[in-house]
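Written below as structure tokens is the structure these notes are about.
As written, the chains take the letters A, B, C and D, and residue 1 is the first residue of each chain.
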Amino acid sequence: MKIGFIGLGKMGYNMVRRLVLDKHEVVVFNRDKSKIDEIAKKGAIPSYSVEELVSKLPQRKVVWLMVPSGKPVDENLDVLLSLLQKDDIVIDGGNSFWRDSQKRAEKSAEKGIHFLDCGTSGGVWGLKNGYCLMYGGEKQAADFVEPIFRSLAPENGYVYCGQSGTGHLVKMVHNGIEYGMMQAYAEGFEILKKSPYNINLTKVADAWQYGSVVRSWLLELTVNAFKEDPDLEKLEDYVQDSGEGRWTVQTAMDFEVPAHVITASLYTRFQSRQEESFAMKVLAALRNQFGGHAVKTKE
Amino acid sequence: MKIGFIGLGKMGYNMVRRLVLDKHEVVVFNRDKSKIDEIAKKGAIPSYSVEELVSKLPQRKVVWLMVPSGKPVDENLDVLLSLLQKDDIVIDGGNSFWRDSQKRAEKSAEKGIHFLDCGTSGGVWGLKNGYCLMYGGEKQAADFVEPIFRSLAPENGYVYCGQSGTGHLVKMVHNGIEYGMMQAYAEGFEILKKSPYNINLTKVADAWQYGSVVRSWLLELTVNAFKEDPDLEKLEDYVQDSGEGRWTVQTAMDFEVPAHVITASLYTRFQSRQEESFAMKVLAALRNQFGGHAVKTKE
Amino acid sequence: MKIGFIGLGKMGYNMVRRLVLDKHEVVVFNRDKSKIDEIAKKGAIPSYSVEELVSKLPQRKVVWLMVPSGKPVDENLDVLLSLLQKDDIVIDGGNSFWRDSQKRAEKSAEKGIHFLDCGTSGGVWGLKNGYCLMYGGEKQAADFVEPIFRSLAPENGYVYCGQSGTGHLVKMVHNGIEYGMMQAYAEGFEILKKSPYNINLTKVADAWQYGSVVRSWLLELTVNAFKEDPDLEKLEDYVQDSGEGRWTVQTAMDFEVPAHVITASLYTRFQSRQEESFAMKVLAALRNQFGGHAVKTKE
Amino acid sequence: MKIGFIGLGKMGYNMVRRLVLDKHEVVVFNRDKSKIDEIAKKGAIPSYSVEELVSKLPQRKVVWLMVPSGKPVDENLDVLLSLLQKDDIVIDGGNSFWRDSQKRAEKSAEKGIHFLDCGTSGGVWGLKNGYCLMYGGEKQAADFVEPIFRSLAPENGYVYCGQSGTGHLVKMVHNGIEYGMMQAYAEGFEILKKSPYNINLTKVADAWQYGSVVRSWLLELTVNAFKEDPDLEKLEDYVQDSGEGRWTVQTAMDFEVPAHVITASLYTRFQSRQEESFAMKVLAALRNQFGGHAVKTKE
């Protein structure tokens, strides 16, 4: 089918390629013009404004948004709502907070426009493997777009989650789980690394891929990483977090779920980025106060 | 090759079957006689005492122990050390604490006997899929037994981890990671379950298997579980822990690794088994004391 | 000085009494009329509407709000903003989220009215011991009200924290710390309780009050609680949480502080209120799937 | 009364002084001779070997051990057991693991000698304020030594906890609680510190001492620390842990207590001492693998 696609970043660019390879007509727009021209050579239909993009779509227009969460989504949505008509469909395929998506769906519904929230997982491997898609919103609108979902996802890899917001809710939880799994592996490998036995982590991780309980795609990637740099010597111990981890904690609190592991996994990332911990200085100060324990002082 | 195998429990029984299917001669012994007779019908060679078992093995005898950790391992090992000869090999394939295995290897070495510690992962699926094996001890002894490891494991699914103790250390950490991964999924699904949107967990978990970052064998099992009982209505929220989780925490402390996630995963299991939490009663009492906050009292 | 006071709940009632005892003139209003009449007998000046309350105050009117956080604060503030004049002062002495207080201060400032946010600690003991007060907002407005702060607090027990919002921010963090401290005691006493040695917790807690590192007011209250009910047999292990714990976690995330302990303390309270944990059922299901481990099923 | 005292470290030295000030006769021994001579000038009776020390004691000899936990305790105890007689009393006042104390009591009992385990809290402030003492072992032996406990402790500040091991168990839990309380304060102050409002922590901590729920001795020390160095600029964020935190976690596992907060408090100390976290490098590597997320690499 023919759709519009706004946002040609790391994720969006490859998603458009996958759609084009599967014979969809994709009218693209991106803030940075060079990406438009580049992907046009690979079969996408270029447009140089949202207006132009919308004008090139057939009736019951469908536009996929793949831009950073927050303001960029709102700004693009506002423009689209001014250009689209009743029954048209906007899909936010990015990592938006699900409560924001619910508000955007309400706002769109006031004009009779359908807003679908779609979580997209797969990272840089999506072009080859397909993207796992979880989406929410009005069922009939979601069904209309199904050919797009089918092409983007691997077989069986897309799921309608329910009413507006559930797509991004499911994706957010997916990322929360991802935080916990990654931290579990990380702690395990640190224990092995700190053992005095010089254990070959690459070989261990590799063997675990066959028949063990902890085999997973993340473990496969761990093996790749160890093969490239067995002691991870080239890397800093500095880890970013994106919004989903924090939103998961916030949602866990809203639903009163004791999310010990997901939260701790978020906090270790905070710690990884701290040059100095004031909390730890307070501890050092207190130990010095009550016990006369030596503290490390800066000369 | 021809080996002895002591212990025909849930794990041991299937391991012997897998070995027999792969043309090894396996002399078996088990505390419960009926299991011996049962597996004898499937091609194993029965023996009704450790003495008989040892007597039926050829020179450079190899005995695989697959009994509960702790005392059963020590008792069997003591008998074996009194029967075996220099250069013979004992393999502890169970879930022993790796520091115990190091002591057992030392004790065995005093008689010139090689003690290998082998972690075995795969559970009830091992018969079909193979068992992931991680083993430590003297390399030449381990190499001698390789045909057995090769038959038990799936292709590439066995790894020599290094000196004595490293096999069980690696397996222990494997299980620690398993605790963390399971808890991550569990928290995530609880958040979805407690959302007011009636999300179909089976469908979500199923879709995540295709192209998502969190796909794994444990997720596959989650899908199976949800398919059998979508709301897990038939289950109690009561979770056992075996020794490995606790040993991982202990080892993390020994190596000074901040194992936040693995430890929290162990603690939630403790909580799941508490009928009443004294800690929570202390909190309730304190809130009542300072704030006059209502408490729930037992009538 | 003469001030208005709205809200005669558990906290407010005693605060008014403390003010009256210290010779302030306090015009009170409360949703429930009976409390007004009751406290009028103890020296407060009754009023039966916010309008009446405001009309009874002298120029540069000061009104203290002591109502539940959220909507009650907004509703009362809206009425007050319609009745008060430039340079008048409203103090929110309740447990509001500090970001809400900042918005309320902005809204008040549009009419030239000063909004102070004041955290109030002390619980049911405040009447006797005084309330620890932490307040934020415009310094000159805060200074104008100082006689009130001085009377409510014990000597040295009030602090101007800075610009709008900081009073409630400091109070929120205070409560977050309180969560962590309470949980630390609770865990400790549970360990002692579960030891097989029949340790007398009342005596231990009591002795700790003299010379130990962990002596505190909370410990004093623990002793009181143990003296009333040594095994806390009359209490359920069910613990409420108010907004501050969750806001502290949210703020910790905003400021990227790894608040492991405060967050875990909030989560144990969630757990204390769960009749059944879906997360733990997922764990039980998984253990059954991969290990054939027995599960507790409901008959 | 007259007792022997071995160990004149930071704790022991002041304890002896407190005993001498309270008119006890204290025969002292220490590895470092200079401390013996120094305290002899303050009224202690010097001895330059354990033998000499024992020889200077009257019948029903009592010796207080105040040496580092582990080997030093065992070595001194062995010497004492060879010198003492039936019904004599040894008190281990240091921070020993309570299970070790139980073994030492058994060993001592074989010779009819009473071994008491006494936890001692109070740090460098004990000389002035008294030491909180928690002790276990045979009741009649403990009663015999009560004059010593009474002099060392502030009024009401000593408690007989029960059978052998309970003194050190109670002290261990005391320290576990201390870890959790300290971490709670530390997290709270870090949140305030990282707020953009330039909050004066010294003033806040000081006000909290009067009427707030979180007032405590540790908070008093925090105020002291902030007064000396308001931003703790002179300190490194590097925090030691002694054995008690780890033993508390171990004991919590033995008793199946979900000690979330105490354990997390231990782990943050581990983190404070890590120059580089391998776990965080694993996370960074994984994020790079699946998402192409930028990583910080070392040049």
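The rule is short, and it goes like this: a contact is a pair of C-beta atoms (placed from the backbone, for glycine too) under 8 Å apart; a residue touches a chain by one contact, two chains touch by 3 or more.
Labels paired with UniProt names: A, B, C, D = 6-phosphogluconate dehydrogenase.
None of these values were measured; they are calculated from a predicted model.
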| item | value |
| --- | --- |
| Touching both chain A and chain D (chains) | B, C |
| Chain separated most widely from chain B, comparing mean CA positions | C |
| Approximate Å spacing (C-alpha centroids) for the pair chain B, chain C | 47 |
| Geometric centre distance via CA averages, chain B-chain A, whole Å | 34 |
| Euclidean distance of C-alpha centroids - chain A vs chain C, Å | 38 |
| Residues of chain D engaged with two or more neighbouring chains | 123, 183, 185, 187, 189-190, 194, 213, 218, 256-260, 264, 267-268, 271, 279, 290 |
| Complex contacts: residues of chain C adjacent to chain B | 10, 123-125, 182-183, 185-187, 189-190, 193-194, 218, 221-222, 224-225, 229, 232-240, 260, 264, 268-269, 271-272, 276-293, 295-298 |
| Of chain A, residues touching chain C in the complex | 213, 246, 249-250, 253, 256-260, 263-264, 266-268, 270-271, 273-274, 279, 290 |
| For the chain C and chain D complex, residues of the former touching the latter | 121-123, 126, 129-134, 153-159, 161-163, 165-166, 169-170, 173-181, 183-185, 187-192, 194-195, 197-200, 203-204, 206-219, 248, 251-252, 255-262, 264-265, 267-268 |
